[in-house]
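First chain A sits with chain B, and in the next complex the same chain sits with chain C.
== the complex of A and B ==
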């Protein structure tokens, strides 16, 4: 036992404390241990699936049977796939409508409930409540409300004398598209309201007061002071909103099933059809990779556009 | 045309008057019955401890808060319900409130820009103000890239560019270090001399108030305690609060009693301060004597005994901290020849004219 307490002269020359270098290396390992759980989650649930998706996209990969390496064939096939580009075009159209609607409504709501006053907590809760319902449940609710016979909208319009006959809003593209978009705005505006509200609340009242003394009218204060100062939270909301809308699926699947005339098939819906209806898993993967690339480019562009060039 | 003339333009300065102004926040009254007249071109300082309502009073004048009751006039015009921008005022905030996303030039020119003035005019006025405040080299910078003192000057510049009748300052120096504070104080004073505007300045620092003001308004708990020039407040305070608040180190307050026809502190008679009506035998008083008015007594002169506790040597002068009696402390200014060792006993007195008497209700007895 005695040798365990002996000091190794080679390890600590002349009895000096151990060199610092060693301790620093030790703390590096320590840091790695701290980030390990998060890193493990990212690797297992993002990096590996992403790698697998890219790997699958280079194969002809049926549900059963052996995958076959086909290189970039899936990608070249995609270039001529007019249905995919059509779905992508529809997704872009929906993203534009949803983003404008969501952020516009969210900003108005945020301005309404930003300052503490009587009953404001009630309004904040009410506006946020739809966010906590799932997309599927909200879509089911909307599908029922929109039902031409047993729903709410059509019978109500008829009862009020607005329409002479039952109107099936899900039967034609225009009303169907706007109906789903309005549902999404109703469901998600509260979420973006919270982001924008926190941004508005972080603007010191001094700025607004200084602008009042400077003679800026309400719309000028909004344009020159408030808007530039919510730039960062707005960028966050915009990116979340655009990427969320680009990935839209549930609402079009549940309410419209891609109809009418297959005109509301979104990009993710198309990928879902290719992968899990037609079981072309390799092709579906290639489309997913392209969609990811598009989203990354879009986010980069938004960040760049909303960056304050003068900020270091 | 001097640089200042160029900035000042054709300005008419205006006085400010408040009549019966009251301010309530819900059920809490923060300002009560404020009557105040500020002459055109005067430098007025609102001073008082925190929570006394001085900032609220300034914000009422600025129009950032609504008056619950009463009337505010600027330049003879009733502005009680006018928008802040229509009052002919400019304000410098404690936090400076510089717009962080705008350059110094844009900050200073914002008021003119939203008023729809031509770019040329904005640039000209901003350049002239920047010249006065030595900011010309910083016009393209953002507030975040400036030091505290520079930000302060930008805030003042923004006020100057608006060409106001009345300048309002809300504790503008409280975020600066001691050295810069003195520097900016002198700069503001110089600005007042050259622009000649009415300026209203809020501070809790009595030194700032004394050095800057033509007229000081002392506030406490939402009421005006006294209005007067720095010398008036210093020499002739109306009550204990003003006497204690103005002056550093503070005025000494010594509990006294009228006995045997004389006012006595801890049994020792003090020189008769010559009150118009003699207080009755047994009346309890507080005597206020400033540290510089206490002096060593000549042999045979009636005197108090002060036991030295410790001394602060400040170079030109020394402050001796001691006790007149059990629990009654006092400070006196002495020269360096005086024995200030702990426990030293000094015989101390003051000129009758330098002794202020206060009743038990805190009001001055004259």
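== the complex of A and C ==
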């Protein structure tokens, strides 16, 4: 198999092998034909809609009837839209809680199952299983478990004597918020565990061993060797977690329907309502553009922060 | 520092004393790990077990979760009350998920091959274009997608959903397949070329088996994401007979005439979760490979 290159008739007879042999047939338009379907899909179902979002955001665009150019009116209206800023504020609050909870739990899990030993593969699988179930199924499951009459949490608390009466945890903001956050931690911790684990495993065992021999305690080894070296996967986990949480929709729509008192409407949920419940498509697009800009800025900041600290 | 130069004879007693403690630590570790594992598995077990209770029991708190008045699949049958049978909606979901997986595999394999083995005008730009879409959350382009599908005559069709889901899979999948092709030695292709293999036959018969792990990973992610996707399906499907499982089950969960059939919800959640769990358990390696490939790069 290896010596076939020598008898390749296309190989130059000069004895010196050509720098890149494959160019013989790979320099024309043939390659473009192979990538064309992918490029076409991305252009039609991504680039055009992205352009349309910006275009539509400059219009008053009802579902029926003619769109009307209104320039930046949607954006100026947005500045005074307290409900939208409220939704963004709530999204930020949720993002903070979910990110701290998820990355904290994920790091503990990753440290637990990082080294292969007996049983560890099974533990990893168990912690990861909720990840593959999908947000809609997990949310429906949680909606049932949180239900006051037919669910699990309230009757269980009563049975254990923690509460005297049935408690509807979805009826007040605090418990409802934490119930959803716990659901997300349960569902997604395994995902971030794997990302952090791949970072932990890339640390050469020599480093840890050397520190151990030097008498470093477990927490010192973690602080001074593990932590600085997992910055890259940690940055990735942080960015995925923040942008994922900023785009939360399924869990709040399914479990809480935005309630109690419309206080758990996230940014995407608010855009969904504007675009597809009230059919203010232009205004929904303007909000989408702003949300997109916020996410871009957030990702850029996180990348910058984590890179700078790494270099210093 | 000092222990590195320690005399082995001095260290020996320390070791012996430590062994008991290490065994104790191992035990403590395993007990904790098992308890945490049970905590993670409990909700899944709870809903699957509860879905087989009788109608009378299904509205009761799941303590214990398993059927105590006899095994029943009535919860699954009751889903029929919401339009058509659960099989119909599972069929919709399956069509979307398999369609997305198949289309993603074909499109991303072609593109991965093209990007790995050919040079052509605008190559860098096109690659960047495809990868850059991962930066833009699809939630922000949903409003125009809704209009675009209507223009193309694809509103309210499962095909339209397949095309959108496939597009969303492309950045990850094309990247994955390009790397898979890059890892194949060029000598193999050249040997096949001397044997007269050309074009698509080369891709399918010679390269295909060599990039199969990548194909499985790409297909698995596409299937699971399409099977579980909720928001786009909710927005783009308005005709109840076209609903995928997540959209149907949300309607079931909102209840009708003021009452919610929790037994039906349990059954629906089970139907949605089981295929994902089975696929993952069979193809765990491919799944984790996909995840870490994204993380390392």
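Heads up, the rule we're going with is that the second predicted complex is superposed on the first by the 265 of 312 C-alpha atoms of A that agree within 3 Å, B and C clash if a C-alpha of one lies under 4 Å from a C-alpha of the other, contacts with A are read in each partner's own complex, and residues count from 1 in each chain.
The definition used in the following text is that contacts are C-beta pairs under 8 Å (C-beta built on N, C-alpha and C of every residue); 3 or more make two chains touch, one makes a residue touch a chain.
Computed from a predicted structure; not experimentally measured.
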> Which holds for A:204: it touches chain B only (first), chain C only (second), both, or neither?
Replying inline: first
>> Taking the superposition on A as described, I'd like to know which of chain B and chain C A:160 touches: first, second, both or neither.
In response: neither
> With the two structures laid over each other on chain A, which partner does A:305 touch: chain B (first), chain C (second), both, or neither?
Replying inline: neither
> Who does A:215 touch here: chain B (first), chain C (second), both, or neither?
Replying inline: both
> Of chain B and chain C, which one touches more of chain A's residues?
Replying inline: C
>> Applying the document's definition of touch, where does A:254 land relative to chain B and chain C: first, second, both, or neither?
In response: second
>> So in the superposed three-chain picture, is A:225 touching just chain B, just chain C, both, or none of them (first/second/both/neither)?
In response: first
> Which parts of chain A are touched by chain B and by chain C alike?
Replying inline: 213-215
> Quick one: in the complex, what on chain C touches chain A?
Replying inline: 1-4, 29-30, 32-34, 36-37, 40-41, 43-44, 46-47, 58-63, 106-108, 110-111, 113-115, 117-123, 126, 129-130, 133, 135-137, 139-148, 163-164, 166-167, 170, 174, 186-191, 194, 224, 227-231, 235, 245-246, 249-250, 253-254, 260, 262, 265-266, 268-269, 272-273, 276-277, 279-281, 284, 287-288, 291-292, 295-296
> What residues on chain B touch chain A, complex-wise?
Replying inline: 62-64, 83-85, 89-91, 93, 95, 97-101, 103, 110-111, 114-115, 142, 158, 162
> So in the complex, which bits of chain A are touching chain B?
Replying inline: 204, 206-207, 209-217, 220, 224-225, 228-229, 231, 308, 310
> Along chain A, where are the residues that touch chain C in the complex?
Replying inline: 1-2, 4-5, 7-8, 21-23, 26-35, 37-39, 41-50, 52-53, 56, 109, 112-113, 119-120, 122-123, 125-130, 132-137, 140-145, 147, 149-152, 154-156, 159, 186, 190-191, 194-195, 198-199, 202, 213-215, 233, 236, 243, 247, 249-250, 253-254, 257, 268, 271-272, 275-276, 281, 284-285, 288-289, 291-292, 295-296, 299
